Amino acid sequence: MNISTVLQSSPLQSNVLQSSQRAFPIGAPILELESISLRFGGVKALTDISFNVLEHEVRAIIGPNGAGKSSMLNVINGVYVPQEGTISLRGERLAGMTPTAAANLGISRTFQNIALFKGMSVLANIMAGRALRAHATFLEVALQLPRARREETESREAAEEIIEFLEIEHIRKTPVSRLPYGLQKRVELGRALAAEPKILLLDEPMAGMNIEEKQDMCRFILDVNDHYGTTMVLIEHDMGVVMDISDRVVVLDYGKKIGDGTPDEVRANQDVIDAYLGVAH
Amino acid sequence: MLSNKILRRGWSGVAAAVAMWATAAMSTSAMVQQPEQYFPVASMRVGPYNAMGTGIFGGVIDYLNYVNIKHGGVNGVKLVYEECETEYNAARSVECYQRLLNRGDQKMLLWDPYGTPLAYAVIGRVASDNVVLAQAGYGRTDAADGRVWPWVFGATANYWSQIAMKLNYIQQKEGGIDKMKGKTIVHLHIDTAYGREPLPAMRQIAKDWGFNLIEIPIAPPGLEQQSQWLQIRQAKADWVTFWGAGAGMSGTAITTAARIGFPRNKIIFVTFGGAEEDMIAGGAQATDTNVVAMVLPGKQWPLIADIEKVLYSDGAGKGNMQNPTRVGTIYYNRGVIAAVNYVEALRNAQKIHNKVGKPVNGAEFRDGYEALDYTIEARRKELGIDGMLPPYKLTCRNHEGAGTFHMMRWDGAKFEIVTKDWMGANDPKMIRQLIEDSAEKYAKENNITLRDCPN
Amino acid sequence: MFDISFFIEVLVGGLLSGIMYSLVALGFVLIYKASSVFNFAQGSMVFFAVLTFVGVMEKGLPFWAALPVAVGVMVLVGMATERFVLRPLVSQSEDTLLMATIGLSFVIEGVAQLVWGVDVRNLDLGIRDEPIGWVLDSTGMLISQLDITAGIVASVMVASLALLFSRTKVGRGLRAVADDHTAALSIGIPLKQIWMLVWATAGVVALVAGMLWGARSGVQFALVWVALKALPVLIIGGFTSVPGVIVAGLLVGASEKIVEVYIGPKFGGGVEVWFPYVLAVLFLLVRPEGLFGERIIRRV
Amino acid sequence: MFYREAGQFRTSYAQDSQILPLRQDRVGMAVLLMAAALVPFVANAYWLSAILIPWLILSLVALGQNILMGYAGQLSLGSAGFMAVGAFACYNFILRVPGIPFIVAVILSGICAALVGIAFGLPSLRIRGLYLAVATLASQFFIVWSLDKFAWFKNYDPAGVITAQKIMILGHDFASPREKYWVVLVIVLVLTLLAKNMARGSVGRGWMAVRDMDVAAEVTGLSLLRTKLQAFAISSFYCGVGGALFAFAYLQTVEPSAFTIELSFRILFMVIIGGLGTIMGSFLGAGFILLMPIFLNVFFHTVFGKSVDASIASALEQIIFGVMIITFLIYEPLGLARLWQLTKERLRLWPFRH
């Protein structure tokens, strides 16, 4: 692969992201990772990685395949528990994270290979994303007591708003299993948003998409960030579009951090270029 | 071979069907309708008890047809039947009961499902439906008390009499009740209500005679009895009263007994699971096993011989048995006798309610059944069943009748009778007392007023 | 006081029963390994196989002639099952396939009774099933020739199956199939043939199990339930492991007997109905994939 | 022509998410309920007590099984065991709590079953799929065994059989098949409605989320523990109530061993044939599995009469039953409910092809 093609700026490079004109200006660090190390048996997936995420920013983690990006994400929302290192949310140290706990802290995510609820419609999937917002007990639901009805209507409204936002009204009641790949990715984004997260982790949101789909997805990511002020942490393995939409980028290679900074800084980073050109270490 | 075996059956079936329709059509058009009396047949022809079901109900159906062919029915009343498959499943049998309850304008007279769980499943309904529950040698024991259970009959003997008879046989072998003290008898039973049915009587006798009773259950289907028989060996049991169901359990019991070297002639099988099929399943090891019979097997009885002649001989093809060689086996003969009871009861009912030559209803049939009387030798001879079953009569109070059995020994190919005469409990009064106490207790709990019986 | 010799008796008896369970369980593993089908009809196949064998002998064929006939019939049954039940259901969920095999069991049982009637038969393998005198005298152990035969047969079958899986081309194919059907297809593994072969083999395994069980319990309908005894063996051993089945069989056999004999009487007996299953559950809580089962990987 | 949604607009989400959005469906359902309520006036005792009552009861049990299997995706083979708990609990409540209203007893027995269900549901947190299925057999065997062993459950009846007491509601004895039918009908309808509400609400979404993708479900903040156990509890509750009715409104005299593993399998079939994850499927499936053998039995006896050897007929019945199940799984894996849906969609377009 030719370095120039990787690093060239894509047509989408419209620097909408001048902090000045953002609805939610980038703020203090919301998430801090201190020298994280993760091992599977003998295999080192992540070694001594530290970086932070600022509130309202779009933070990208990039790196070639097998760089440990997904592991990083799984550490953040508690699917994996690192052997060393600490994660802190708003300066508060988190111990013994589980996905559920993460969800409760307002961390929501999408998956690299789509993990939608196949048997359910788009609407149901997105409403299911609001599990945390449903407090009515099964009895209240069974008997359709006021609280249950109210919550149901609320989450329906919230879901509809997201559906509108993502421009998927036409497939509202289609079972997700019948949707094309691109749309499924979008629905999954919708489900993640339904939880009204503070931090949204996107695991290769554009993987396997054609250029139009990618551009759509970029637009949604930016709009979400702009509209809800959601802090975004997204993974991509090809630098292309990511560079344009993210405020800051962490570059991983073989489980180590080899670069961190604004897209331009990263672009200029020799290690990064080597990594992407596959120069032998 | 196989294929054309099926084919042949199939074809014969179709042919017969056509023939039947033809004749049916003709008869209806030709002669004036003959009065009919309808009997239900709640058979089990598939599943674990298929061997028993086909035998028993084959016998029942054969006798009904035999009476029609040989005597033109009962005083001219043609016997007809409807069959329903229960698979020995209580729920299904209730459906069958309800389904067969009415046939055209006739209501069924009796119910004889041939399974203790199946009898229990309907015992609460028969009275209100005016249906006789004829649990011939199975079912709820204390229903032998006619004062509490007017509609339930347990001829010729119930499970408590049966266990008492076995113990009586054992004490005779051991040389007297006084010799029983300190002996160990294991009651090896299927782990269901039926398996536990005889225990009240058995415990009582154990207490009275001072022998040591060990109860060991086998979980159905009981294809694996290693642990049970090892316990028996450990207990150094002198006798085992085996109370199982299904050829699989019986066969396994015998082979496992052989594996631990327990003498087969110290095992006594229950009537319900004590037929040729059960012995065959046990193979060579089954030789010498004791089995209790309330109806004797064999073709030497005039009735059985004649049925075979009329329905089977030289391809008459009127018999119900898929395998004609099973005519005369334990189950078959028991089925025949069950049907003999139906027919005799019907005959009595017609006489008592002077409806000779006419169909009777449930209440009338009940009276007829209660009037069953096999004490007259002439009548037994006439029926061709003399010696096949014990002489007995039912009374208002006593719905059990004989309470006696014969002990048989499996010689490897067939049963041979070892008891000289019909044998019952050592102390029949005591058993009867137990039964009536239990029945009265039930009556009290369910505030049933006892029917006052002259005898 | 504790009677050690009796304990050993129980233990040995249990192990011997365990072998009989393993024989049945083998059929399940074989099919599950190849087509990830939990073949509930295995019990019915056991019944049908031995019934056919005995039935053919009744027709006058000698033992050694009846054997190949029965094998042939079982191969046909296996192939028919593959063709008419599994192939149309390929790519269905495991639950659906399980259902289908329960349906299949109805069919097989029905056919068995249709073709061979309901007569109870006895199978005499000419192997005495009574304690061998000198063993009893010398060691006090109750072991019959049939027990020994069962042991030998089981180990032979396990060995040959192990070989089949590890050495032969088919076996390697099998493993690939088990891992991923489509992939197996794409690299040109003749799926249909393999499945047919597997089902046929399972039929033969069923026949062997059926003959030993039939010799002990008589050839009659209740044989279809030997499967129930095999299930806990399966989950403990792991659906996919041939050696696991043997180990688990012995484990279940021994433990259930010991529990039945020593603890059962305190509760009025019959404990061995559920004990193996509870044991299996406790076991799975520690090792969800069974003793030797392949690990279940949770992908994210 | 008459089955159209044209011209029916929903102006609020509440309206859109009601159980039967289509007017025609609402009318149809109303007619159906009417018929169900009035059928005792036309049906004879056989139809009521041998067909309709068991059908309703087994539908309820199938519904319970469906909640666990169809919605929450936990394959279980123990439903008959939970029925047994319900049946014997109900017997004991009425026996030992003088004057307890029947309905209360039934609900309590459902709760007992639910508690047992939770206990046996615990393994599901660690065990999956077929392993879990086989594991659930433990409940089946253990429950029946303990009911069989501890005579207290059967009030020390020598034979270990219980005779269900009268169904007394507000001092009235519901003895006749007709009255029993109504009692069953009401209970089943109410519980069905509740199930429907749960299934289409947040509770149902939780179950299905766990079923479809448990990792993702966790990430949305669902607790697998609570969701799975909840499904087990509610499922067992339905089975328990079903069992109580099975004993009191249908069999009347029961022993524990009546709740065999075969019964569990039949219930499993009902769910599969009827349609996983559908309420209506539970009813259709129960009808099919209950009525098909009866139909075949009647069919063979009426058509072939006594001419075909009854043993052959019975065997054929078994074969046909098995073949039908397999055929079903092959041609309509989504079950009868799906067929019903398709016909409705056809009806929508009728008389036009597309």
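What to note about this one:
Letters are used for the chains, namely A, B, C and D, taken in the order the chains are written, and counting of residues starts over at 1 for each.
The rule is simple: a residue touches a chain if its C-beta (ideal position, glycine included) is under 8 Å from a C-beta of that chain, and two chains touch if they have at least 3 such contacts.
Here the structure is a predicted model, which is why all the values come from computation and not from measurement.
The chains in contact with subunit A and with subunit C alike are D. Relative to the C-alpha centre of subunit A, the farthest chain centre belongs to B.
Taking the mean of all protein Cα atoms as the centre, the chain whose own Cα mean lies nearest is D. Centroids built from CA atoms put subunit D at 43 Å from subunit A.
Centroids built from CA atoms put subunit D at 32 Å from subunit C.
For the pair subunit B and subunit D, the distance between mean C-alpha positions equals 36 Å.
Rounded to whole angstrom, the centroid-to-centroid distance between subunit A and subunit B, based on C-alpha atoms, equals 75 Å. In subunit D, 145, 148, 215, 311-312, 314-315, 317-318 are the positions where the chain touches two or more neighbouring chains simultaneously.
Chain contacts: subunit C has residues 109-110, 113-114, 117-118, 268, 270, 273, 300 touching two or more partner chains.
In subunit A, the residues touching two or more other chains are 79, 111, 115. Interface of subunit D with subunit B (complex): residues 44-46, 49-51, 54, 145, 148, 158-161, 163, 250-255, 257-258, 262-263, 293-294, 297-298, 301, 304-312, 314-315, 317-318.
By the touch criterion stated above, subunit D contacts subunit A in their complex at residues 13-14, 17, 194-195, 197-198, 201-203, 205-206, 208-209, 211-213, 215-223, 230, 234, 277.
Residues 9-10, 13-14, 16-17, 19-20, 43, 45-46, 50, 54, 82-85, 89-92, 94-95, 97-99, 101-102, 116-117, 120-125, 140, 191-194, 196-197, 199-200, 219-220, 320, 322, 438, 446 of subunit B touch subunit D in their complex.
Contact residues of subunit D toward subunit C in the complex are 69, 75, 123, 126-131, 133-135, 137-138, 141-142, 145, 148-149, 215, 261, 265, 268-269, 272, 311-312, 314-319, 321-326, 329-330, 333.
Residues 38, 84-85, 88-89, 92, 94-96, 98-100, 102-111, 113-114, 117-118, 228, 231-232, 234-235, 239, 267-268, 270-271, 273-274, 277-278, 280-281, 284-285, 288-290, 296, 298, 300 of subunit C touch subunit D in their complex.
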